[in-house]
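For reference, the structures are reproduced in the following blocks.
Next, two complexes with chain A in common: one pairs it with chain B, the other with chain C.
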Partner chain A sequence: MPPKAPKSEYIETDTGNKVSRRSIILGTPHIILGGRTAIQTEACLRGDLHRLSSPSTSTSTSAPGGTSVIAPSALIRPPSRLHRGTYTYVAQKIGDHVLVGERAVVEAASIGNHVVIGAGAVLGKFCIIKDGVKVLDGAVLPAGMVVPSGSVVGGRPARIVGEVGEGWGMLPGSEGADLRERIRAIA
Partner chain B sequence: MSTATPARRSAVPPPPRPPVKVYPGAVFPESSIFMIGYYPLTIEPHAVVHPRVRFTTLHGPVRIGPGAIISEKSMIGVQYTEQKQQKQQQQQPEQIPPATRTTVPGQGQGQAQEQGESSEGEKSQARKVESVTLERGVIIEPGAYVEAELVREGTVIEAGAKIGRGCHIGRFCKICPYITIPPGENLPDYTVVYGNGEGERRIDHAGATEPGLDELRLRMSSVHVNLLKKLVQVPPKKG
Partner chain C sequence: MALSFPYLYISCPCASETTLPPVWPYSNRLSRENAEDDDEEDEKTFDPRNPRANYSLYPLEHLLFCEDCRQIRCPRCALEEVLCWYCPSCLFESPSSAVKTEGNRCTRNCFQCPICTSPLSVNALEKPDPRDLSWILSCPYCAWSSLDIGIRFDRPSAIAGQLLRMRNGGQPTLTRKERDGERDRRKRGDTNDAEEEDDHSWKQHKEIEDVDDHFSNIRAFYTDQLAETSASSPFGGNNEFGYGSPGALSRIMGLYSRAGRLSSHRPKDKIRPMREAFGEDEGVKLFDAKGEDEIIERMKSVGWEGTAKLEQQSWQNRDARFLSDLRPVPTLLRTKRARRCRTCRHILTKPESKVASTRYRIRLVALNYVPTMTLKPLVPSPAPPSAAPAVTAAPTPLPPTAPSINLQALPSLIPTQFLLTLHNPLFDPVRVTLATPARTPGRFGSKVTILCPQFDIGANTDMWDEALTDVAAGSSGSEPGPGAKSRGSAAGNQSQPTPGAAAALDAAKRARAAADFDGPVQAEAGKIWDSGRNWTTIVLEVVPANLDEESPSSKPNKSAATNNPGKHDSNPDEPPGETGLEEDEDVLEIPVFVRINYEADISSEDEDGPAADDAVIVRNKRGEKKVKRELAYWCVLGVGRISKIA
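Right, the complex of A and B next:
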């Protein structure tokens, strides 16, 4: 009898999402993956921390967009606040072609398209990241920071330190661009 | 014949598991929490422990106060003994070329004395219990590393911060992300540590002078705990 083929680390869904068996995904009814998204080892998605007032399960707590990569040990959890006397978690949206780096902690309210979040970056509660942004490694974005599109942010606490070059996310294979190749390489 | 052979077991003995006491009303998804040690781990009422927290009670008991929130991937408890850390530090200066070292007359005697002291010190340290206590309403954010002896009520330790062994963190302090607090520090109440590395410090005067703000902060964290008690799920066991 031939030896049993080893179980692949990733589970591939119909829409091309690749989810590691070693990732921690809680509250799956509240998470919508946009298709062709890779969730790597030990990455943690907290869908269980959702808004209680809305009973419909269609409201997404955390929605990584299409063609995104969530690197190992990254943590995605929705932001929470005290609002009119009740403490609530608020839905979080992540755009397409987003790369969340290793060990990053993302509590942002929304992240646009073509965003690169460096390794170990901390995105505070209710941050808003617009399209085409680069967050440098180890940056600490304070709660509620709004990053305009096309900027580079870094430092502790994070400041806008520059602009992304022309054609950010346009050239295939360059930073912020289509992550399809990278996702294809994950197996 | 032996179709039901169990999976091959490792010859290494399993790591010690601490005695755990979880009070009613606490959230403690035990199957997804890493625990190692001999001393007791106590989770007081209304404390919330998220999945993937690592508790180490090898060198002393760990106590999580009522209404505390411990986020994912944080590490609570003293990991190594002090002598092991010192040894690691001592190994580094030995790599410095001998020419840069200053020679002291009578070094041999001194070394002998030091060795004697250190062996006595090791004995005393072997008995030394390094406990970790988190008081009421303490919030530990993801990836924080807490070895502090005492963290007093209402303090927030943010993502990736490292609190050294033997530290005493006062009431309603805030340690910003990736701050390192060196071992044995005492932070007064209402201290805010921010910036990079060991960070800069200031006192939150609003917290210190405004009456009733402490109660409001504690009430907010208790409201948060009440919500988390309804929401936090236990991750399924994977086969």
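Right, the complex of A and C next:
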């Protein structure tokens, strides 16, 4: 690899998304980026996974919402299950101002707004993360776990270990807050 | 877990009050009167290493603010009120009446794994014959399933009810009616042919022995006793207050009974002590050596792996020594809570009581009243003169070659400068006074100097002002510092601060103009570094302590610590050094005392009601009536970890 990239690492789209040239995004037609979302180095988004029997239907969309950050080496893939003999992928939804930490693996069905997912956390298949949740570093959420809004979860397997403060997400620059500044700083 | 620097914790002022207003207004008046005599507490420097500090330091977003007391409120000085109970797994609300009768656990399909606490999922057990479907609870984390304890369900819904009617292994439990009938039958049987049935009935009892049976037996016995004693008796009772007295019993049983209180209306003068329970049918469980042997035998056969951990046993609500005794644990409900000020009882936060809603009806969080502080290392301006033009060009990013400061390893004894930025959330300009001890408390004192301890911050006016100012100044950088210089001065001109603030801004501008001539910008004592619409940045200089040398001022503390058996100093011969460092003693934490003064618009409360203690009504130069307000508190800046001199 050259010591310094001649071009900027990030491609900026019309809607303000910043996508690293070194990220891995598969099945782009199935992925909707909400705008002003940053996908960093070696992060991987899998939009290519869908039901094999009917590949025409776009049932499998991985959709990070607006103003979110997918940190380096994170993996986002739609949840899947064997249902009546067919292996099915289900659409995944990620809200606004979501920070997916480095090396995190996300197979959740949905993630709300103002959610922070710690580095190395694993969100099992069909997890549902409500608004204003903090997932501690290295937490492992078993498949299907529901995390109510305002909770802090951690541990392996993850349990609710606390609550975020009432001011969660209101203080600019703090955890769970508006990520616009942070995305602006990414270059 | 590794600390992430920098951080800011605010010490709730209630920490200096040794007693708080009582939870219930009518209790505990005495302690309140005693609490008036510790004013000297305020004079002391706040020590973040004091064990008590742990109970008063909070991140800003966890703190609330009472508008009536004009004071910060933390979990200690606020009261909680439960608004609703809900299950965190199915997000269904439980009415409080149900919580009282059914307990604080989900009564639907939500269970946790008895092995690992992961939420269990309900899965169909597929069989060749689709008509003979059954369902099980299974753990997606550790692969435990209810088949391990021999339980499967007929329906995928109302699992809690089905589980209640099944014991481990799949046999049905007795319903209450069946239990009562069984007991009556045995009672009659015992009187008829007690001798021949003795051994047989004992075994039968053993099999159905269960906590619920036990409770129903003892309950039935005492109900009978109450009925008997309430009938007229020849002896007058004076034993009303003993444990064995009918009154006490009916009260105690009412506590645990789901079916409500037992009737206890009977003439008071005709009480006699009741007889105690005797025998299995009356709920007495005798010690049984055979049972103990059985347990030991079972341990032998299942081995260590077959026994439950203490933690796992504690999640169960009955004795469960073996893995095969464990039951799925119903999910504990959680609550949505409102908070009130403990002093004046006004509501501070009140979320909407619907479970799905994340909105608040009332939310008085401290970060709307208290300036936020952010700390950044001041990257030394590049010294060579060739770099000077780069500084004047506004949006230039910092050169990548500039030495960055690693907060996890601050060099000892090397003066390091930090930029401390305060954002004002109030709609009035404020004057901030910062104070900090010259040496941080503790064995290794670091020297701290705030170059500009008193300064003004502009009001938090309309967001658009800043945006427009940005455009006017032609600067897009949001980084406060030398790069944003032109923007800072422009903002100072437009935001119309108080005369004091304007003077400070002018001074800063002049300082910077001078600095421009000299080349790189230097921090100057008594001058702010930069400012904008509602923020001001000052410089903080720190000389991190030498971790090989204890500061002399900490000696008295050390001797105090020697008395404390838990401290490191229990071994006085040990030289301070690698081994002599206590946990996180190398973390540089600076206690800062913050005082905020400002003049606010008069509210209707201040005009007619008696004003709060600190409210002084003044007239400003334009003749408007203003109320003077002050807020003061300690906070702790976690700067970084000091590295040892190599």
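The working rule: the second predicted complex is superposed on the first by the 172 of 187 C-alpha atoms of A that agree within 3 Å, B and C clash if a C-alpha of one lies under 4 Å from a C-alpha of the other, contacts with A are read in each partner's own complex, and residues count from 1 in each chain.
Throughout what follows, a residue touches a chain if its C-beta (ideal position, glycine included) is under 8 Å from a C-beta of that chain, and two chains touch if they have at least 3 such contacts.
These numbers come from a predicted model, not from an experiment.
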* Looking at the combined model built on chain A, do chain B and chain C fit side by side or clash? -> fit
* Figure out whether A:Val147 sits in contact with chain B (first) or chain C (second), or with both, or with neither. => second
* Have a look at where A:Ala119 lands relative to chain B and chain C in the superposition and call it first, second, both or neither. => neither
* Structure fact -> Taking the CA centre of chain A as vertex, the centres of chain B and chain C subtend an angle, in steps of 10 degrees, of 100
* Now for A:Leu75: first (chain B), second (chain C), both, or neither, which partner does it touch? -> first
* Would you sort A:Val164 into first (chain B), second (chain C), both or neither based on which partner it touches? => second
* State whether A:Arg21 touches chain B only (first), chain C only (second), both chains, or neither. => first
* To do: Please work out whether A:Val105 is in contact with chain B alone, chain C alone, both, or neither, and reply first, second, both or neither.
  => first
* Asked: Touching A:Ala91 in the superposition: chain B (first), chain C (second), both, neither?
  -> neither
* Applying the touch criterion given at the start, work out whether A:Asp131 contacts chain B, chain C, both or neither, answering first, second, both or neither. => second
* Asked: So after superposition, what is the minimum Cα distance from chain B to chain C, given in Å?
  -> 6
* Once the two structures are superposed, pull the chain A residues common to the chain B and chain C interfaces. => 140, 157
* Of chain C, residues touching chain A in the complex -> 1, 58-64, 86, 88-91, 113, 116-119, 121, 139-142, 334, 339, 349, 355, 358, 360, 363, 365-368, 372, 374, 423, 478
* In the complex formed with chain C, which residues of chain A make contact? -> 124, 130-132, 137, 140, 142-151, 157, 159-160, 164-168, 170-174, 181, 184
* Structure fact -> Residue positions on chain B within touch of chain A in the complex are 32, 51-52, 72-73, 141-143, 158-160, 176-178, 194-196, 220, 223-224, 226-228, 230-233, 235, 238
* Structure fact -> Within the complex, chain B is touched by chain A residues 21, 24, 26-27, 44, 46, 48-50, 52, 73, 75, 77, 80, 82, 86-89, 103, 105, 120, 122, 138, 140, 155-157
